[in-house]
Amino acid sequence: MARFSLLITSSPVDDQGVVTAINFARAALAANHQLCGIFFYGPGTHNANSLQLVPTDEFQPYSAWLELAAQGIPLHVCVTAAARRGILSETEANEQDSVSYNLTPPFQASGLGQFIELMNSADRVVQF
Amino acid sequence: MARFSLLITSSPVDDQGVVTAINFARAALAANHQLCGIFFYGPGTHNANSLQLVPTDEFQPYSAWLELAAQGIPLHVCVTAAARRGILSETEANEQDSVSYNLTPPFQASGLGQFIELMNSADRVVQF
Amino acid sequence: MILHILTESPGTDTFRQCFASISQGDGLLLIQNGVYMNTEHQMFSPVAKIFALAADRQARGLTDLSPEINLIDYAEFVELTLKYDKTVTW
Amino acid sequence: MILHILTESPGTDTFRQCFASISQGDGLLLIQNGVYMNTEHQMFSPVAKIFALAADRQARGLTDLSPEINLIDYAEFVELTLKYDKTVTW
Amino acid sequence: MSLPSLAIISRHAPHGTAHGQEALDLALVSGTFGQAITLFFIGDGVYQLLQHQQTDMIGRKNYSKTFAALDFYDVSQPVVCTESLAQRGISSESLCIEANLQPPENWRALLNNFDQIVTF
Amino acid sequence: MSLPSLAIISRHAPHGTAHGQEALDLALVSGTFGQAITLFFIGDGVYQLLQHQQTDMIGRKNYSKTFAALDFYDVSQPVVCTESLAQRGISSESLCIEANLQPPENWRALLNNFDQIVTF
């Protein structure tokens, strides 16, 4: 039993890493390892966009993240990196007088300090 | 007087092209050239996300596109490329039972055929 | 000992940076576009043990495999990250 | 006659693809990370006339300029696209 | 005046990103609009044409199968840079379609014939 | 148990993308958390350290000025690959800070000393 934290810096559409990350996470859980949490940073924050509409015959990264969250894995999103990419929580949207928002639970708006904590509590950090 | 159409395939945060594209568009208008329209495709569709929140001391690409639109330049977004990247119009959002949406006028949800038309009506197409 | 996870193809600067950063005894795992590497591309093998994610090779239609490269699945990928002290993703 | 607009630095595969696609009489305009090119990097100059966007060089702190490269501003960028028959952005 | 012809240069490996798929989508739509359109492959883009791709395990669409149907969409035979193939150790027999294989000098001469050029 | 040390490898040119800025942001936050943290520059990443950058005209933040303040944030002196500098014709005098210049063999030996490594 080892503890893993994952750092996701790949966007779901324009980078390669997300399918790999999700398969890695599933394999780690299947082998009874623990996932301390997943941190989304940089282009990786696009994963938290709740409005993604992928053709039904293709892999659905957003649903796959939700499935991991349903198993108790925390999904933390760097709020600064997300905001400049147009991914806002309801709180932030309200501050901007926007009725729309696209960062919803189980994704959590967090700061970089959360990544440091996830790193410090893990045996291995793997970046995708 | 020449007629230009621009194809934008660069994302506003993770690629280089957007500042260049906007400066190019402004310079073309300043020289009395005509801009038939701007078409956003691939990662470029991220430009149409109305929820982008860029630090105030930095360049605001979204506002800059709106300024161009205010001068009568059509902003067309490939709806398929946008949807898989989490950029939805109100109509599409309603179909998905989502109250939130982030593709709003003056950005227009269009198809690739619109790019063909913009290309055919221009003397020069420049991609950024 | 580092497990270097290479995601880019041999023509990229990323590939060269990864190559420049590998020490004797490190591991090299090819995933995503990294699987386009074959040992003829570079002389990695004297330095590092080389692995490749089978699913990513299959997706890209790659059939010829040099004998120095060990094919692995996701379960083995997880184990591999524990055999080395840390990982770095290129 | 094509105006090749290069946005990537000399270490990239994009740079090599652009180089492979230039014909005699074409133009080469360096913008964004393309401005890191200096003529010592490649022998573009015998083939194409070379331009660089001054704002992008300034942003990156580049001061040494080889005499074969002509600095231009955005107004000249617009004019340049009209002097050639078409553009391609690399 | 006839419609301007369009060259679409595809230069990224498949599956990692959406570039290749979105270049192909543009080609198919252009073809149905009656535009004279040709796909050009260079650099890692030539990897898109490898046969035997099986993408089920990575959840991406295996769009390499669509290349065989280009003709049906009135898209002409793709032009492939032989130097890019050679650098990657790819023989013409391992491609999934019959392509118009050209060394760089012809590749760029063909490119020059088009009215507009876009890259993906 | 002491906090694990973190190496942040920065390998993209500045301004074109957010990579360099976001690597630096992570370094600064890690420093304030008391983490032993070092920035490593390789490839086009070394361009970030050039002096005389003036980004007003492109609307990006000139974060190269922040490198001089790393010490203030308890971030140690950056390690720079001399091979990457040489390939790009950059002399150490044209850098905006005093860096720890190392050839590849030392660069990777130093990297090996860290508990965790991330890349941008």
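Observations
A, B, C, D, E and F label the chains in the order they appear, each numbered from 1.
Everything below uses one rule, namely that a contact is a pair of C-beta atoms (placed from the backbone, for glycine too) under 8 Å apart; a residue touches a chain by one contact, two chains touch by 3 or more.
Quantities reported herein were computed from a predicted structural model and do not represent experimental measurements.
Looking at the partners of subunit C and subunit D together, the chains they share are E, F. Using the mean of the Cα atoms as each chain's centre, the chain most removed from subunit E is F.
The chain pair sharing the most C-beta contacts is A-B. If each chain is reduced to the centroid of its CA atoms, subunit B and subunit C end up 39 Å from each other. Averaging C-alpha coordinates per chain places the centre of subunit B 34 Å away from that of subunit F. Work out the mean CA point of subunit B and of subunit E, and you get 26 Å between them.
Annotation for subunit C: residues touching 2 or more other chains are 7, 11, 13, 16, 32-33, 55-56, 86-89.
The set of subunit E residues touching two or more other chains comprises 15-16, 18, 43-44, 58, 60, 116, 118-119. Under the contact definition stated at the top, the residues of subunit B that touch 2 or more other chains are 13-14, 16, 42, 55, 84, 125, 127. Interface note: chains touch in the pairs A-B, A-C, A-E, A-F, B-D, B-E, B-F, C-D, C-E, C-F, D-E, D-F.
Subunit D makes touch with subunit B in their complex at residues 5, 7, 31-33, 53, 55-56, 73-75, 77-79, 81-82, 86-89.
Those residues of subunit C that touch subunit D in the complex are listed here as 11-13, 16. Those residues of subunit E that touch subunit B in the complex are listed here as 3-4, 6, 18-19, 22, 25-26, 29-30, 33, 35, 116, 118-120. Residue ranges on subunit A touching subunit C, taken from their complex, read 2, 4, 16-17, 20, 23-24, 26-28, 30-31, 33, 123-128.
Residues 11, 13-14, 42-43, 46, 49-55, 83-88, 92-93, 96, 98-102 of subunit B are the ones that touch subunit A when the two sit in their complex.
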